[in-house]
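Everything below concerns the one structure shown next.
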Amino acid sequence: MKKPIKIATIGGGSSYTPELVEGFIKRYDELPIQELWLVDIEEGKEKLEIVGNLAKRMFKKANLPVEVHLTFDRRKALKDADFVTTQFRVGLLDARAKDERIPLKYGVLGQETNGPGGLFKGLRTIPIILEIVSEMQELCPNAWLVNFTNPAGMVTEAVFRHSDFRRVVGLCNVPIGMEMGIAKLLDVEHSRVRIDFAGLNHMVYGLDIYVDGESVKDKVIELMTNPNNTNFVKNIEGQEWEPAFIRSLNALPCPYHNFYYKRPETLKKTMESAEKEGTRAEVVQRLEKELFELYKNENLNIKPPQLQERGGAYYSDAAVRLITSIYNDRGDIQPVNTMNNGAIASIANDSAVEVSCIITKDGPKPIAVGDIPIAARGLVQQIKSFERIASEAAVEGSYDKAVLALTINPLVSSDKAAKQIVDEMLEAHKDYLPKFFNR
Amino acid sequence: MKKPIKIATIGGGSSYTPELVEGFIKRYDELPIQELWLVDIEEGKEKLEIVGNLAKRMFKKANLPVEVHLTFDRRKALKDADFVTTQFRVGLLDARAKDERIPLKYGVLGQETNGPGGLFKGLRTIPIILEIVSEMQELCPNAWLVNFTNPAGMVTEAVFRHSDFRRVVGLCNVPIGMEMGIAKLLDVEHSRVRIDFAGLNHMVYGLDIYVDGESVKDKVIELMTNPNNTNFVKNIEGQEWEPAFIRSLNALPCPYHNFYYKRPETLKKTMESAEKEGTRAEVVQRLEKELFELYKNENLNIKPPQLQERGGAYYSDAAVRLITSIYNDRGDIQPVNTMNNGAIASIANDSAVEVSCIITKDGPKPIAVGDIPIAARGLVQQIKSFERIASEAAVEGSYDKAVLALTINPLVSSDKAAKQIVDEMLEAHKDYLPKFFNR
Amino acid sequence: MKKPIKIATIGGGSSYTPELVEGFIKRYDELPIQELWLVDIEEGKEKLEIVGNLAKRMFKKANLPVEVHLTFDRRKALKDADFVTTQFRVGLLDARAKDERIPLKYGVLGQETNGPGGLFKGLRTIPIILEIVSEMQELCPNAWLVNFTNPAGMVTEAVFRHSDFRRVVGLCNVPIGMEMGIAKLLDVEHSRVRIDFAGLNHMVYGLDIYVDGESVKDKVIELMTNPNNTNFVKNIEGQEWEPAFIRSLNALPCPYHNFYYKRPETLKKTMESAEKEGTRAEVVQRLEKELFELYKNENLNIKPPQLQERGGAYYSDAAVRLITSIYNDRGDIQPVNTMNNGAIASIANDSAVEVSCIITKDGPKPIAVGDIPIAARGLVQQIKSFERIASEAAVEGSYDKAVLALTINPLVSSDKAAKQIVDEMLEAHKDYLPKFFNR
Amino acid sequence: MKKPIKIATIGGGSSYTPELVEGFIKRYDELPIQELWLVDIEEGKEKLEIVGNLAKRMFKKANLPVEVHLTFDRRKALKDADFVTTQFRVGLLDARAKDERIPLKYGVLGQETNGPGGLFKGLRTIPIILEIVSEMQELCPNAWLVNFTNPAGMVTEAVFRHSDFRRVVGLCNVPIGMEMGIAKLLDVEHSRVRIDFAGLNHMVYGLDIYVDGESVKDKVIELMTNPNNTNFVKNIEGQEWEPAFIRSLNALPCPYHNFYYKRPETLKKTMESAEKEGTRAEVVQRLEKELFELYKNENLNIKPPQLQERGGAYYSDAAVRLITSIYNDRGDIQPVNTMNNGAIASIANDSAVEVSCIITKDGPKPIAVGDIPIAARGLVQQIKSFERIASEAAVEGSYDKAVLALTINPLVSSDKAAKQIVDEMLEAHKDYLPKFFNR
């Protein structure tokens, strides 16, 4: 008989948790979890309780015998866990707001994953992740770490480079969102769409696109470049590319590519909306407040529909789908962040990549794509270099490497701006960067 | 007995030619050339004669039996040549002025080698180079093509990718200038300095720096980052880097790296000087006018010192040094553009790189460096991708690839700006882009 | 509605055909074929008719509306086919008998795939395969070529190197046999066993072994090296390895590895049995005679059980399973010969490898394994070099390359023996080697 | 002023030492050594004194102020040394005799570098080399280790894989011997010949051959395959290849390739001569006895000509040439064993290769050759795999890896013979294999 399933969720007090719980409920037949441990820090006690109680009500309403444990004791939660999910945010949304605001002062996009914001989120997050990994090696060495915490690519890279733990998968909702977009564009069921993904987290390309296994890439590109396709914009947001560019790229960019292939325009738009409605973090802060008000309602026992607007759609779907496939040795294809192992020729074999994988009980196995298009190689390598140097900066508490990482970042491209941003952001995030200050 | 040496110089009417002639005079003992053929197009007749006559007077003054031939017949010049040098400029400085001016309208640096200007210079130049290569395969298959024509990296890449001719070397004065700068900084003779170069044309790094074979890299970086080193700026121009950046990069950038590591500042400066004194092409146009006036003087029989200001210092030194080493199977170390062959791990083996080579009669053999620093890989790959796609655009006359090349260029990063620049520049250079218009 | 399925089988008069037909019958629900075209040469008319009539009786007995066409006109059979399978044997078993016998004279194993026998089988087969490929590009460019004809690795390599056709899959029954062996050893159902395969055809390794997704490699190696495991030998034949060797190799060899890891012993055994009962080809010739007698019986309407002894067990299973998965875009994992694309780091990206793949409508996509064990890399590269040079010899009709291929073959390791074997075998196979004689 | 040069020679009591001393005398002008420390073990006291006294007489006769120190204290010799050379032999020639004799019993060549003999020489030697390296890191971290001790490839690999010391160069007289052979064959001065070497120690290929910088490879191959070239055999011994083989290999093998491309013939010849005149070690033992008798003669003050017959011709030339070039930052081309760094594509970047290098004060820098011929890749990788696994066996004292190393060795190819040889040789060399017995 199989051992009962124990799941530990670090950052369990997050407003996302009801999504995750809904996912577990939907797939309970395939993934009969017995214990869900929601872990958070003491400062997050109130939220943890609100969310934890909602989770309990949700399982109860679904009539499922899942025990929900709330705790500040991470080690207890990790002990003998089967899967550990991470969705914590060091410094909360306040920190993200700074990640977004400060770079704008220097004429630079903040970008919370692959930009200056991502650098600082990484500097705050990576030391904690490496602590968790080290505890897992002691307390649940056979568990899988499913990391949602951004910058997911940099975090996965850091685990590969700075620990010998290999049971980690980085997860993102961007690829699943791209599949959904294509499904809508072509008006077919999501399950009929498959994309060959390859690249990095938030810098992933669809190398080919299939419906029922037949390539429809040419058709999609035709639709994307056809000026008469008026339905296009509302169907796949963030994919309004110059026809000449997209035809010759001959691959599907991800929405985050707007930062690199429409840098000046995106900067302008971001500055304007920061001015008008606040940065994304500030908007989300308001949304979260409302969500927690809803969660408190003791009659609420399902995921409230308002959570949708929070962003991160399909995250729980992606996460629970992944865990279910690992648990059941499913062998289906899912795009995740894992070790390259040669799947993409121009990325180092021992680096993290985001690529379509076969999901087995032994973890994800990447499908070899040969290489990404020549046109994409430089940018992808640039972000990979950024991730590697940023993760070294995080582990070593190196000021110089933080400046180097930002200088080579394509959103910055200025050693002077890099230095100024690092200086101001180090100060702003002082409390969460012990490697930089306690030495 | 060795066959007498014949050299053909395409674009022989250039104002540079007296430099080259001076180089040949200085090294005549090792490289006893018998015939120098200066080739140009009919429209350049006047310049060709002015320069050609000066060349004749220079050899005469030096008392050397070198025959100078002036011709519009390229095939005659190539017939049985030993070395072919190329220094022509399709569309002359007028075209360069457009390459520099037009992108500025769209807030983008022109940059005549690895930027939008370089793309259009490549589109104009590559078809001609491929014609020359094809004629060489017929008329002088054992000759070496020493290419000075910019964008030298893209041109060399194009020859490797779009012909089966392999006896081509791309040449640049940047590495020799970096050695000179270091020599001045350390106050030692140039001949005592050696740098391990690796990268691409106008994107080359000094991975290590030696004086008399002992590494002085740490010392150089210390000097570069020491605020008390007041002599620094005037000694190695274009190398004013943030200390944190240069320390962690741990390699010597080239002056062209200012375009990528100080992009916003360089853009601002370029816009201002274009406003005030004109673009570089416009400045050079004035200089050239003056030079040709000087060249006309029948009493002038040496290279006039004013040529120095023209830019391109050490070009002739680099070129004649290279030719002499090939001719004499010298086996010395020189930085040139050649096929990678594994010298730099993260660049494709069959791409052109700029790297320290052993120069033999069999051509340059690259020294394997392992790889360039992680921090440099993305940017270098980005320019390599740009070069490859640009050279495909040139050969195929592909509008879409021209837009793609510019979109991925780190000076542009906008599909919209890329399209606008391509549209305006195609129109501006119409006469020199038959592949794009005569199809 | 889907187009009806047409399958063309080149070498349709083979004694294997009833296997294949049985496979089609078993999977008819998933793969409703409408036309099966059995193609052979005029010399094989009698066999083709015997086998073809049996095939018709088999489909009839199964009550399936499959049309069986017998033809000598390959082009007609290929026209609009969906799948083409190849199982022909140039020179029939007589040629194989020579492939096996002649090398033994020189103290060398014949080995009909990766040895001298394989070289000559390749020289006879590759030109025909390239003809078929070229006809497919004209007559059924979207069809998949499923090649059973040995040497399957060399043939697949030849298609990749000497044509631009990419819709080819090389198929072998060795991996499926290894799975069956492991299933028996562990006494579990075949469907619960999965092996991570990587290597080349007839030189494939099991890098890891799973039951229900859990690794059992350590357990399998323990069983293989445990002297008390008396059931071992009869369960996984050809896997009697020295414990120290198999423990440190830490991977599962395939039965063909006996040729390389037990070369002297295998040579001795082969010589003895060639003496006593004849070579394998000679034994099979006797079996085939008996089989065709059975096939003639008009009352026979199923695959006769005696076919099992013919060898090639599971071939039809492997083939029909593959075709069914392609047709239905199944996305399941199967080991096949396909383009490497980085799946195995130490093999060239554009070479054929035998590796676990995801099977989709777009063909097999290899799973990246990183690399094969260090201990295996040399031997695998040696056979790959052999395959590449042999396929060049086949295409060019090059005597020198044939000698080179054999000299570097690990079963030969003698330039003198290589020359002698090539000389005698060229003469023996004269009629089937027009590239070598008609020039 | 430059620091005076101190050289430490480990195994200084070797009969080779007078060669080395002669080399130092010849190049004293460029390499003015002040101290030569000859180190040996106490058991070698007598030989050390004989050789040491001869060395003193030789320097005196040459009128050079070189101090010769004899010591058993390795640390004292290493302290502040500039160059350390190693030429020791653990177990002396007795051990080598066993390395050669025992494998022959099992029908396998002994081969003291890349065969079973080499495995055991490596198992005895590598732990000592790693000790020396560790002492050097403490006592003379800037010194260069010039290793002559065989198996030089495996030893260099072991230093790269099992220490972080990088100032090591492996040296061999095979490449210089190949140049000499070609010079004789073509009747030109040695200094006019240059070969592009690439491969591994005792498995190196000449990819191209030049006289005065012009390729003469085709001519050399023509001479090697011309039956009328009667002078050939006596000119380049060990290079009698089948014309078809050598033409299609299109590279110059080294004499050790006879073991792999003429394996059966070489085995037969070795067995016969072991029978008749004893193995090579046994012959050399007799020669050495005579040499030491000569060395004792107090009137002898030059290298006695009889040393030539000892084998290892040009060793001292190669060694002193290398040391001189490092010391003087010469920048000339020499073939040595160094880290690959991409020079040969199909070998791992961090493995040792034997390849033409530029010799600088910063050590050897390999010239990138792209790749070795396809035909050579498998064999070279096989020996590299052997070297890597053998060096792991040496460091770990692993019986299993020793058996694995031999099984995959192309001279063995039998797990059973591998086990038998390892068993007998472990026993025979017991006293020199503490890692295997004291655990």
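Order as written gives the chain letters A, B, C and D; numbering starts at 1 within each chain.
Assume a contact is a pair of C-beta atoms (placed from the backbone, for glycine too) under 8 Å apart; a residue touches a chain by one contact, two chains touch by 3 or more.
Which protein is which chain? UniProt says A, B, C, D = 6-phospho-beta-glucosidase.
Fair warning: this is a prediction, and the values are worked out from it, not measured in the lab.
Engineer: Work out which chains are contact partners of both subunit A (6-phospho-beta-glucosidase) and subunit B (6-phospho-beta-glucosidase).
Structural biologist: none
Engineer: Would you mind checking which chain's C-alpha centre is most distant from the centre of subunit C (6-phospho-beta-glucosidase)?
Structural biologist: B
Engineer: Could you put a whole-Å number on the gap between the CA centroids of subunit A (6-phospho-beta-glucosidase) and subunit C (6-phospho-beta-glucosidase)?
Structural biologist: 44
Engineer: List the centre-to-centre spacing of subunit B (6-phospho-beta-glucosidase) and subunit C (6-phospho-beta-glucosidase) in whole Å, with centres computed as mean CA coordinates.
Structural biologist: Distance between chain centres, rounded to whole Å: 54 Å.
Engineer: Any chance you could list the residues of subunit A (6-phospho-beta-glucosidase) touching two or more other chains?
Structural biologist: Not one residue in subunit A (6-phospho-beta-glucosidase) touches at least two other chains.
Engineer: Who touches whom among the chains?
Structural biologist: By the stated definition, chains touch in these pairs: A-B, A-C, B-D, C-D.
Engineer: Within their complex, state which residues of subunit D (6-phospho-beta-glucosidase) touch subunit B (6-phospho-beta-glucosidase).
Structural biologist: Interface residues on subunit D (6-phospho-beta-glucosidase), with respect to subunit B (6-phospho-beta-glucosidase): 194, 196, 208, 210, 212-215, 328-329, 331-333, 339-345, 349, 358, 360-362, 365-371.
Engineer: Which stretch or stretches of subunit B (6-phospho-beta-glucosidase) touch subunit A (6-phospho-beta-glucosidase) in the complex?
Structural biologist: Touching subunit A (6-phospho-beta-glucosidase) from subunit B (6-phospho-beta-glucosidase) are residues 107, 241-242, 244-245, 247-249, 260-265, 346, 374-386, 388-389, 398-404, 407-408, 410, 413-419, 422.
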